[in-house]
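Across the two complexes that follow, subunit A remains constant while its partner is subunit B and subsequently subunit C.
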Partner chain A sequence: MSDAKKAACLQGKGVTKVFGFGDKKTVAVDHVDFDFREGEIISIVGESGSGKTTLSKMLLGLISVSEGEVLFQGSPRDIRGGRKKKEYWKNIQAIFQDPFSSYNMFNKIDSVLLDCINMRGGKNLPYEEKFKMMSEACSFVNLEFKELTNKYPFELSGGQMQRLMIARIFLLKPKILLADEPTSMIDACSRSTILDMLLKLRDEINMTVIFITHDIGLAYYISDQVYIMEHGKFVEHGPAEDCIIHPKAEYTKRLINDVPKIYEEWDLSTV
Partner chain B sequence: MKNTLRNIFHSPKFVIGFIIFFGLLAFTLIYPFFVAADPLDMVGQGNFFKPGTYVSVQDTVDAKYYTLNIQAKSSNLGDHIEEKDKQDMRDWLLNYGEVSQEELDAADDNALVVLWLEHYDEKAKQKGLLASKKKAYVRLNKEIVKLASDADLIIAVENEDGELEESKSVDSKQYVNTKDIANQRKLVLGTDNFGRDVLTELVQATKVSLKIGLIAGTVATLIGLMLGLLSGYIGGLFDNIIIFITNLFTVIPSFVLLILITYSVGQNARGVTLIAAVIGLTSWTWTCRSVRSQVISLRNRDHVNLSKLSGHSMIRIVLTDILPYVASYVVMAFILQISSGILAEAQLSMLGLGPSTTSTATLGQMMNWATMYSAHLNGSWWAYFPVVLVITLIAFSLNLMNTGLDQVFNPQLRD
Partner chain C sequence: MGKVMLEVNNLKTKYVTRLREDVYAVDGVSLKIEEGKSLGVAGESGCGKSTLALSLMGYYFPPLHYISGDIIVDGRNISGMKPDDVRRNILGTEIAYIPQAAMNALNPTQKIIRFIEDVIHVHDPKMSDKDIYDLAKERFSILGLPAEVLQKHAVELSGGMKQRTVIAISTILSPKVLIADEPSSALDVTSQKMVIKMMRDLMDKGYIKSMIFITHELPLLYNVTDDIMVMYAGQIVEKGSAREMVFDPLNPYTKGLMGSIIVPEEGVRENKLTAIPGTPPNLKHPPKGCRFAPRCKYATPTCSGMEIPNVELPNGREYRCLMSERKIREVYENE
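Up next, the complex of A and B:
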């Protein structure tokens, strides 16, 4: 599985985001280059404040890029104007960190899934058809749609909400999924389920998953490629085995040391 | 939604405010079914008649009489004799009537009259009394006898020849049942300076003032909400322009602006709706500012991002993903705007800049009239006190409802 065989999916050249100006200038993402290939799970690992979420929002097109350019499928992406953005968002979707704030608490769960069907052009399908699609999506994430229909988001548990987010992705079938710390607000048991589902998405739909996390252990477990980010810059990147088993950068070593180990003495001196 | 409503109606503050407010509202709505009179009809031909039941004197004479043995005359005899005459009577009885000082001291007005009738004799020896004084006593005696007597009053009517003819006599033991009197009117709060029934006027004025508050509140809330939502969500240059205009309106004292606008509009053009709209147009700024700041914090939430990613249009995002989250605040702001609208109208009308006065009364105008005709100086409390009470109750109940809602929506404030 060499890189050359896989088609380019999302590339960046000197992508930069600057907030504010003058004395209050903050460089959140500082000239990063990346090359994400189709059908891979790419982890972006870094501590909080390193610019992971800003980068993900830029990739999503929710905030503008200050400098540099993002290439989508080999050509510069053009998302000026609502219609083009809508087209772009058919190809790239996201799961957010906090499932509790990801839902509009005034809308029923059905509306979230129905929106996805509408977005895929299924607006005029009969309800039975839509129901079948929603049930299928829910069973993909081990949920029972019949139990969820007509419920409000706050009636679900965090794990259920996050799984429903993945069901939404399953319905939309985008080329790229940006998962912004999807497991950080969820208990450890649900965590592996969610990760398994992300793997399933890659294997079944050939989806590119960009997995953003602060937990290098998780990154190792799931990724094909790892990008280590520090203060808005990528300090190291490469296949997961290379990066994590044989780290070169100081920062990566520190991150690896921060992971608690069950059968070993934990060196807290660097924490 | 259902839960929120239940919570709201479990807040005692809200419930009390709600009861007061809707009690007032219901009273203003139901009252016209019982009293159909025109509120601006001038009932009294004079200023500030006291509260009470008014019956027609003529109807009293014509009504059916019942003879009852109630000592009505003697019970108030003393009121009809002047203090000076009472002293004269005491002097005469002591000096010439052989009545002891103790007996006189113990006697009240009625007993004094009884003593007088028993002991006075115009032929008794009255040593040392001037002839003129003696004659004065004779005249006084006649008056007292007339007062105390049960003599009939004669009602005479002019006949065809222009002569007076006795038609009826009324004696002091005759009474009229108030139910038999055709024309009577209960003026619970008396009349105002124009001779209008204050209660009927007050009910209408409350209705008009509530209408003004409602229109002003709606206008202010709608403008503030719309500008706040748009400037908060769109941001950038648009936000800067809107916030500049808002700041401009905030620094200009809105009441001065209100006075200038209403004055320049002119007396004839000033209708209720116009005044309400003007009040609304000068008081939207705080709603706009606070809605904007809430929207700014909301627009970066994940559910808004998710909605964007689902390809929703801006209008849909604002209406479905942002508006419901600020709705509770907007409802509270709306309630406060109603209250401040009513108060602003009262202030304007007190200055004589209220709606044109020919067809409607408002709470502020009633106070203005009461002040101009110095009701507060001549003790006509009924002309202004009920108005003040109603304004206070409205503002109090609305603020109470607002505080109650605040406690439901912001649970940290709950004690």
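Up next, the complex of A and C:
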């Protein structure tokens, strides 16, 4: 209902990615259409090997699109050339699965955050100002900036690192955040903190979050729109309630069946 | 009441770091598993779940050291044994262990049948290869694994298949206790379900007498095990049947943990997730009294002043908190 009001953010028409050629051709993403609206959390759910990560790399502009086109804010996306790509990356940022490999281990935490401020044109601000911004970003993700100064990334726990990643996003304020399995390497307790922060990003800065996951429970909890992906194709998409509680595609039904439940009986016989 | 398969009394173990500091990873754990029962161990990362698994096997190689306590497997005390004796006499026949990411431990240059021969030859050097092959083939077919797997190398198998193979190999001698440490956490949901089904089959068909299942995924534990035990900072904070633990937690930490469960079922979206603030304590210097007190919103000054007793309820449930059962329910209801 409110879809029509929300501005278009990222759209795709027949987006395809083919690796190799001839006999060795692999179609990783096969003519997918999508329509991501501003200020929504969109989940892309699929098993390993379904092409989620390939699609996310295409959205980020890290690999080229073989066929079809991606529209950014209503007009075709043009990211040929380094300068244009950098301009595009001001609008889209990513968090990846492994927080431990997301940091340069020789740089202290301060410089990670300072870089973000400098990138947003705050290079000539006085340090007090920057300090204020960094503290604000850290308190957004429930971290204490004073405790983090002069620390190296390896001194933090996985959950803290991932939260610091979100603090970076808070400072950069991109239009789109692409989160590729951000919670799969941290335990259940820190997981809920991360999810709540993504919801906060949507509610407070009206950010579009593309959440890629294999866990259909997480997708149900967090997202407005859900896209179910199987073998490079979207088999089903729609609002989370429709898609996950009343699934139509066989694949979605199977995925939901395979997840352990607590309120209903978990049927083990259908393996 | 069934025969007690594994009994642990007040087990304490520690890690000694390179700087000669002691880290008390398992601190006074007691548990009891009867024949045909399974016990789940839940907790945050770093709370000592995996160390508990190693300690239960008697697998004390530096930096892990044994301090005190008894481990009794089917009436036999193994707590003082040397690690080498443990490997020869206990592992495989009495206790089997599936470590985290076990599927990556298969040697890629060997056929699967060789691992099974290795396992059996340690305990029975005279058994012929033919007999071993027949035994393995029969066991594999009962567990729903194709017999061709035996002649394959590990690289030819998918992740889920490798994991199931590892489980089949480690339980080939029908151990009394199976300790599974996150057996399904690196797999996708379909393979995970297959692994779980296989472990259920092992229990039902009597190839393992009892099971300890370690994971941080609570919906999984709820579906797999009879009882759940929650660990925090090396101690057990609550123990009870799976249903009680998920729907009626008593300890504040357990309550926080259960608040982080996400399942794709109707109405779950409206439940707000509750995160526990703060981080677990450093086990080099564990806090005095209740270890959860610094993060607990119901904590009073007395909590960190005295040793917290383990309260046992008449129905066999145990929890570690200063509040009485009635008080706890009152407090939770008023929220």
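To be clear about the criterion, the second predicted complex is superposed on the first by the 264 of 271 C-alpha atoms of A that agree within 3 Å, B and C clash if a C-alpha of one lies under 4 Å from a C-alpha of the other, contacts with A are read in each partner's own complex, and residues count from 1 in each chain.
The rule is short, and it goes like this: contacts are C-beta pairs under 8 Å (C-beta built on N, C-alpha and C of every residue); 3 or more make two chains touch, one makes a residue touch a chain.
Note that the coordinates shown come from a computational prediction; the quantities given were computed from them, not determined experimentally.
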Superposition on subunit A - do subunit B and subunit C clash or fit: fit
Touched partner set for A:T193, first subunit B, second subunit C, both or neither: second
Contact breadth on subunit A, by residue count: subunit C or subunit B: C
Partner chain in contact with A:L60 - subunit B first, subunit C second, else both or neither: first
Which superposed partner A:Q73 touches (first subunit B, second subunit C, both, neither): neither
Which of subunit B and subunit C A:C116 touches, first, second, both or neither: first
Partner chain in contact with A:W89 - subunit B first, subunit C second, else both or neither: first
Touched partner set for A:S101, first subunit B, second subunit C, both or neither: first
Subunit B versus subunit C as contact partner of A:Y263, first or second or both or neither: second
Partner chain in contact with A:T16 - subunit B first, subunit C second, else both or neither: neither
Superposed arrangement (fit on chain A Cα atoms) - minimum subunit B/subunit C Cα distance in Å: 13
Intersection of the subunit A residues that touch subunit B with those that touch subunit C: none
Sites on subunit A touched by subunit B in the complex: 57, 60, 62, 82, 86, 89-90, 93-94, 96-98, 101-107, 115-116, 119
Subunit B - residues contacting subunit A, complex: 301-303, 305-314, 320-321, 324-325
Residue numbers on subunit A that touch subunit C, as the complex places them: 47-48, 142, 157-158, 160, 186-193, 195-196, 214-221, 240-241, 244-245, 254-256, 258-264, 266, 268, 271
Subunit C to subunit A touching residues, read off their complex: 44-46, 188-190, 192-194, 196-197, 200, 216-220, 222-223, 246, 256-257, 259-266, 268-269, 273-277, 279
